[in-house]
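First chain A sits with chain B, and in the next complex the same chain sits with chain C.
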Partner chain A sequence: MRFPIRFPSSKLAGVLAAIALVAVSAVGLRLSDPKGTVDMVSGVPGKPVTFNDGELSVDRVRVGTVLTQNDEVRDRSAGMFVAVAVTGAATGPRELSLGSAELVSKDVHYKTYGLTSVFAAPGFKTSTDIVFEVDPSRVEGLTLEMWRNEVISGYQQRVRIPLGITAANANQWRDAARGWGIDISLSNSTRPIP
Partner chain B sequence: MLLTELRILIVDTGRVWWRQLPMIMGVYLLGWLGTELTVRVAVIAGDISPWLALVLFAFSFVWTLVAAIVILTLAGRELGIRQLLPKGEREVDDRDTGLTRLIAITLLPFLGMYAAFGQVEHAANRLVTQQWVRYGFLSDQQTVLGALYDLATKHLGWLILLLISIYVGRRLLDRLAEHTGSRILGLVVVLIESFFMLMVIMGGIRVFQTFRLWLRDRALTQWLVEIQNILARLVRINVPEIVSQAWAFVTDQIWPIIVDVLAQPLLWLAVAALVFGSRVLSLAELWRQGQPYAARIPGATAFARYSDKRAFRRIGPAPRGVRLAASRIQEAFFGDIDDKYLPALHSLRLVLRAGPIFLGCYVFVYNLAIIAQNYLERLLHLIVGGHEGQFWVRWEPVFSLVQDALVEPVRLCLLAVAFRRCLEIFVQRSTVRPAAPVRPESTQPVLAGAEAGT
Partner chain C sequence: MRRMLCAVGALAAVLIYLIWWVTYAGIHYTPRYAVRPPGVAGEVQGTSVRLLSLTRAEQLVDTSEDKSGKSEFPDPGGVWIVAELEAVRHDPGKTFYCDTQLLGPQRRLWARAATGVGRAIPGCLPDDFAVDRLVRFEAVFLVPIRYADQLAGVALVDDSTAARTPVITPP
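So, the complex of A and B:
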């Protein structure tokens, strides 16, 4: 069987080389694109992470399938709730305002359950629970990310603290959540920095 | 062959950039300063009227374009592009070398590209951001593009009338400027042209968006959706899902490659080619066809003046009476379109015929410059670190200057080098192919950079 269109070999090689160069350019452009990049400030649970506006720490992580408030069941989950207790301190001259939060695992981004923000005036610190509803089968490596909510934003800082859920202990977390309730009654408190 | 093309493009670009560095940087900085000052004045002018801000916003692009044209001309001179013309053709000609003329013919493709690739929107967003900082987010002060969008969506008739008036006014002033030879009038024409183009492009985009929304609500669209659903039920294969996935693949993966990776470099090369003048482009067109420049007949190439083209095509005696009047009106309208707006299309057609290897190499090197700019931005981010939006609004002009001043002149030099390389490729074709009958006084130039077999 003969191919209906015949290219001279040098012309074909030229076309293939041109396509290859365009493909390399496309990959290069995609990899170098600075859009959407952020300045990640990483930390570990239990220790405050310092960034431009102050400090943030993850104090405690609780898991469960039921959310309670003032001894009343507020919601139940077919998956599992993760309540991350955080403390933000405005150690600098500006207020600390972290209006956006996500819980991130390998390929999943979980939004917060309800609206949550960490706000503290200069010289104050505030503690709050940030609640997420997650899929129990995808909790390995869950990491909290928080950042300032802005109408106009540029290259901004994003605080990133892993919760300590690893492949080795993920089953323990899942077991701990089963049938357990999380009380979020006293989830917000503000006090001066000593 | 591939390596030769890459070497020529990279080495020659570096060489031209280095040799012309002080001049190029000076021109670039002046252009940047003009643009920034005009934008700042436009922000303040928004207090008086959003239309005044819009007019000034349009002028800010003229600064950028003037700087680009001057840099391309400097690079072209360094590369000796105009020296390729036979001596008799090199005389100073306003059509080829006049700055106002060059701005007029490059303004449409330039603003068109800026709009298509999101740079007009980016510049408008910058202006709107500055206005937000000035007025606050909750202010009811109309922003720069708000007035135009209102006109395009709510008072389309007025927009069309305004565009016709500006066009007629511009044509009259254009004639007057040609007649008197006044440079100030020429400059006024350019400024009116920039406002006109911005109105056409941005207003046109809004009208198109409004039309799409209108079309979506028509019964006809609902019928098409219903037919699509019936077909899906009959065929059993989930046709809408397949179409939707194919569409997503095209819009997310293929289209960005076509627009950013391919179209942008090629269109820029076509616009840059316009800067070197119609005579050089006519020369390139003839070489591409395997003919020497001596074979040129006035009016025969796509880059000739409209009146020359008409004279070339005219058979029989010149028109008289009503036909003469009709001919004059036709020339006034189509002549303007042919002389100012079509050269960009002809130029694109020309550069696309330079061959796949050259185009592949050029696209690659062009994108290398953009990749370098991206990494420069990342480096600046790394050095400065993350900050809140206000910080970036305040310092954005400085950071963009640092990035653009290093990369933009290199990109413009690359455009000049690439166009020179196009000419070399065409001249090689004209010497390899059996040439058309040549006049005895033919002065075919031989290029120093041309290499056999490339």
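So, the complex of A and C:
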């Protein structure tokens, strides 16, 4: 029995070339997709987490419904603000540059409120507040994730530090936020590592 | 058969290009430096730049004409490094963007520090570099004290080229 459709050899070559090029493109896209190659480095609040470019620690977590700066109200939230004070230290020869941050829990990802990054030159550490606006009913298990911005990444590390908000104490955090202001006036400082 | 060979050839060309690109990117991902002998100028963006001195200062003093008497101390654990440089732009088609950085051990790199102190020798501004005019300028860096004795020199950074970054050293 003969196959009913026969491709001329030129068409067959074209089809094969197209398939090959699509395959090469797919491999390239896969290699440049950071999600598949992320190495999660986990820590706990108050203790520095060591990763490729240095160390990162969550020093303090503040909650409120109002953001203030230099004694002026900058914004109010119908939900709540979470200000995570972090310190990044460039302990190695490379600069520390964490340009992306998210607050994540089981089913929700919060982007930062405004632009935030943690940058330190080699031998320096920098402290800053990273602010998020979150839904008060979905704060259990919130975990800070930070990573370096890269266009193409072969191997990327993400630092994950839970904030310590659990199902057992979530109500206390919600109550603490109600009507409370968070002052972000002095939110960035850089100094040499002792 | 001939067309099949063409297709295979095209695929091979794509693969060779990808391998070349990955190799090139891998080589150039880590910055490369070329340290110049003491006092010798480095060339960047059509400009010859020479490092006249590289001094360490515990205190940055106001040396401007109006001398406010103001001085600035580094954060504890840090020290100022003051670089005095001179440059001549000789290529009218290029602009010197003043990207001078301090190179330390294991390729540690520090950008210029922003200070609030007036200085007798001005900082670097691209607009100051008329062709064939000698311009003297100063760059101030803040570095951790523990690296202050291990500095390699001032790197003349130009991100638009893959060539080695010249590092100039004082005489």
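What we mean here is this: the second predicted complex is superposed on the first by the 157 of 194 C-alpha atoms of A that agree within 3 Å, B and C clash if a C-alpha of one lies under 4 Å from a C-alpha of the other, contacts with A are read in each partner's own complex, and residues count from 1 in each chain.
Basically, a contact is a pair of C-beta atoms (placed from the backbone, for glycine too) under 8 Å apart; a residue touches a chain by one contact, two chains touch by 3 or more.
On a predicted model such as this, the values are computed, not experimentally measured, just so you know.
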item	value
Which superposed partner A:Val73 touches (first chain B, second chain C, both, neither)	neither
Partner, of chain C and chain B, that touches more residues belonging to chain A	B
Partner chain(s) touched by A:Val44 [first = chain B, second = chain C, both, neither]	neither
Which superposed partner A:Gly123 touches (first chain B, second chain C, both, neither)	second
A:Val108 touches, of chain B and chain C: first, second, both or neither?	neither
Partner chain(s) touched by A:Ile193 [first = chain B, second = chain C, both, neither]	second
Touched partner set for A:Gly14, first chain B, second chain C, both or neither	both
Partner chain in contact with A:Asn52 - chain B first, chain C second, else both or neither	first
Which of chain B and chain C A:Val24 touches, first, second, both or neither	both
Residues of chain A contacting chain B in one complex and chain C in the other	14, 17, 20-21, 24, 28
Contact set on chain A toward chain C in their complex	9-10, 12-14, 16-17, 20-21, 24, 28, 93, 95, 121-124, 190-194
Interfacial residue positions of chain C with respect to chain A in the complex	1, 3-4, 6-7, 10-11, 14-15, 18, 74-78, 104-111, 142-147
Residue numbers on chain B that touch chain A, as the complex places them	1-2, 129, 132, 137, 257, 260-262, 355-357, 359-361, 363-364, 366-368, 370-371, 374-375, 377-378, 381, 384-393, 396
Of chain A, residues touching chain B in the complex	11, 14-15, 17-22, 24-26, 28-29, 32-34, 37-39, 41, 51-52, 148, 150-158
